[in-house]
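Two complexes, one shared chain (chain A), two partners (chain B, chain C).
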Partner chain A sequence: MTERAISDLGGLPGGPIDTAEHEPTLSERRVDAMMMLLRAKPRSFWATDENRRTIEGLEPKTYAESAYYERWVLAMRGLLIEKGVLSETEIEAKLSEVRARHAEAGQ
Partner chain B sequence: MSTHEHHDHGHDHSHGHAHDHTTFQPDIREPSEEWEFLEIALRELLIDKGVITAREVQDQIEAWEKKSPEGGARVVAKAWTDDGFRQRLLEDGNAAVAELGFEIEALKLVALENTDDLHHMVVCTLCSCYPRPLLGVPPLWYKSREYRSRAVREPRAILAEFGTELPETTEVRVVDSTADCRYLVIPRRPDGTEGMSEAELAALVSRDSMIGTATAFAPDGEGRSG
Partner chain C sequence: MTGPYSIGAKVKVSQGLPPGHVRTPLFLRGREGEVIRHFGDFPNPERLAYGLSGLPKLHLYQVLFTMDETWEGDGAYAPGDTVTADIYETWLEPL
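Now for the complex of A and B:
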């Protein structure tokens, strides 16, 4: 028998469901909005299935420990590089800038 | 979330950086985690390179906020009152909801009718597939590990956690969504709703009743139709 994929949760045991409503944060709204813009016409950089494939291809530990939209943004990063929209180098450079800006603002 | 959480890391709101600080509610949390920085980095790069615009992101967010389960509720109320529409909805979900102006691209929409004898509950065990054009953005619990794993094994226990009790004689059927196929549950029309208008009926159709973790509201305001 093959090993379960990380996303293949159906039938596994689990605890009680937290049914509380959750007001999406600004970051979550933005990730969602960007994903829809990049996936939809006219850009159509990737299809829903490719998004799924990328999320399911995350490291099992990352998948298990990440929040929902965290997985989405990680997948988005991977797909943007894969489709040649952005490069790894420019993303890393921009990330350093964002982190530095945040650290400075937090002082 | 604490209303003061955004003060915890001493973020100075008066700083003059170029990034967008538009917030949707005064106490919304500022980005502070690594993945949130990644969101900022990707967004700024895509905007700088002219791939997307800040305006488009904003418009998309507003469009999302406008999408709500009310769309699905309109479809259900129409199905309850118009038998021809109900038949068409069950035969070809996409074509039927298009009659009401809902365009569902690249997905098959399947409507499932709940009756006294059969109750449907929808899950996406693999991810979070959901009929967004009709129901808006899925609730957090729908995307949770707990719901995804348990729904196919112990749906009645889950229904109980949602306060939904069904007669033992009602079969519970769980359907698993895919990226290409989404389900809309048509809840059983509550008793005592004869003569109500479509708009009045739509108000009885909750989001959860169209996912199948609940039943439609009773007209007397009770949380479930019994």
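Now for the complex of A and C:
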């Protein structure tokens, strides 16, 4: 039998819902902006449904432990690689460069 | 044109359990309901999710279920409570 999708929660006890609002942080705004640019027509690298499929396809532990915009980052990473826009090697190389720069600035 | 189902039609949600990007909630699979609204036709999201065109478009319906049918009488709800869901024609069977 097919397992229940991590996003398919209908009918399960959900507990109380946290409806508290917060101002989007700078990093959240940046993630939002990146997604909007990647999805902007006419180039639009992927469809909304591909975004959802990628997020709902995260391993359950990752999905559960990731905040809303962290899931967006993971979806962007996966879809950029899937679509051949960037390779995993290129992403990792850039991340190493950025981490080194941050470490240097922190000293 | 309201597609294969008219308003008021009795329908059953498919029992299917396919893997992949499925847009019909698990708790409604195999349940019987009534079509109460026709939203129009749209590209199939279950194919759009894989980079396909999603064409031909599918008719999308709002289907009404009683809570007794949905939860099999199990759960905290009031008599007469209902729940609705938006379901594509490919997930519905005529009754």
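We take it that the second predicted complex is superposed on the first by the 106 of 107 C-alpha atoms of A that agree within 3 Å, B and C clash if a C-alpha of one lies under 4 Å from a C-alpha of the other, contacts with A are read in each partner's own complex, and residues count from 1 in each chain.
Assume contacts are C-beta pairs under 8 Å (C-beta built on N, C-alpha and C of every residue); 3 or more make two chains touch, one makes a residue touch a chain.
Computed from a prediction, not measured in an experiment: that's the story for all the values here.
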item	value
Three-chain arrangement built on chain A, chain B and chain C clash or fit	fit
First, second, both or neither for A:Thr19, with chain B first and chain C second	first
Contacts of A:Leu37 with chain B and chain C, given as first, second, both or neither	first
First (chain B), second (chain C), both or neither touched by A:Arg4	second
First, second, both or neither for A:Glu70, with chain B first and chain C second	first
Greater residue coverage of chain A in the superposed arrangement, chain B or chain C	B
Which of chain B and chain C A:Trp46 touches, first, second, both or neither	second
Angle at chain A between chain B and chain C, C-alpha centres, nearest 10 degrees	60
Partner chain in contact with A:Gly84 - chain B first, chain C second, else both or neither	neither
Per-pair minimum CA distance [chain C against chain B, superposed on A] in Å	6
Common interface positions of chain A, toward chain B and toward chain C	8, 10-11, 48-49, 52, 56
Residues of chain A that touch chain C when the two form their complex	1-2, 4-5, 8, 10-11, 46-50, 52-53, 56
Residues of chain B defined as touching chain A within the complex	1, 9-12, 15, 17, 19, 22-25, 28-33, 35-46, 49, 51-52, 56-58, 60-61, 64, 106, 123, 125-128, 137, 139-141, 143-153, 158, 161-162, 176, 179-180
Complex contacts: residues of chain C adjacent to chain A	17-22, 25-28, 45-46, 48-51, 54, 70-71
Parts of chain A lying in touch with chain B, wherever the complex brings them together	7-27, 29-34, 36-38, 43, 48-49, 52, 55-56, 66-70, 73-74, 76-77, 80, 85-86, 90-91, 94-95, 97-99, 101-102, 104-107
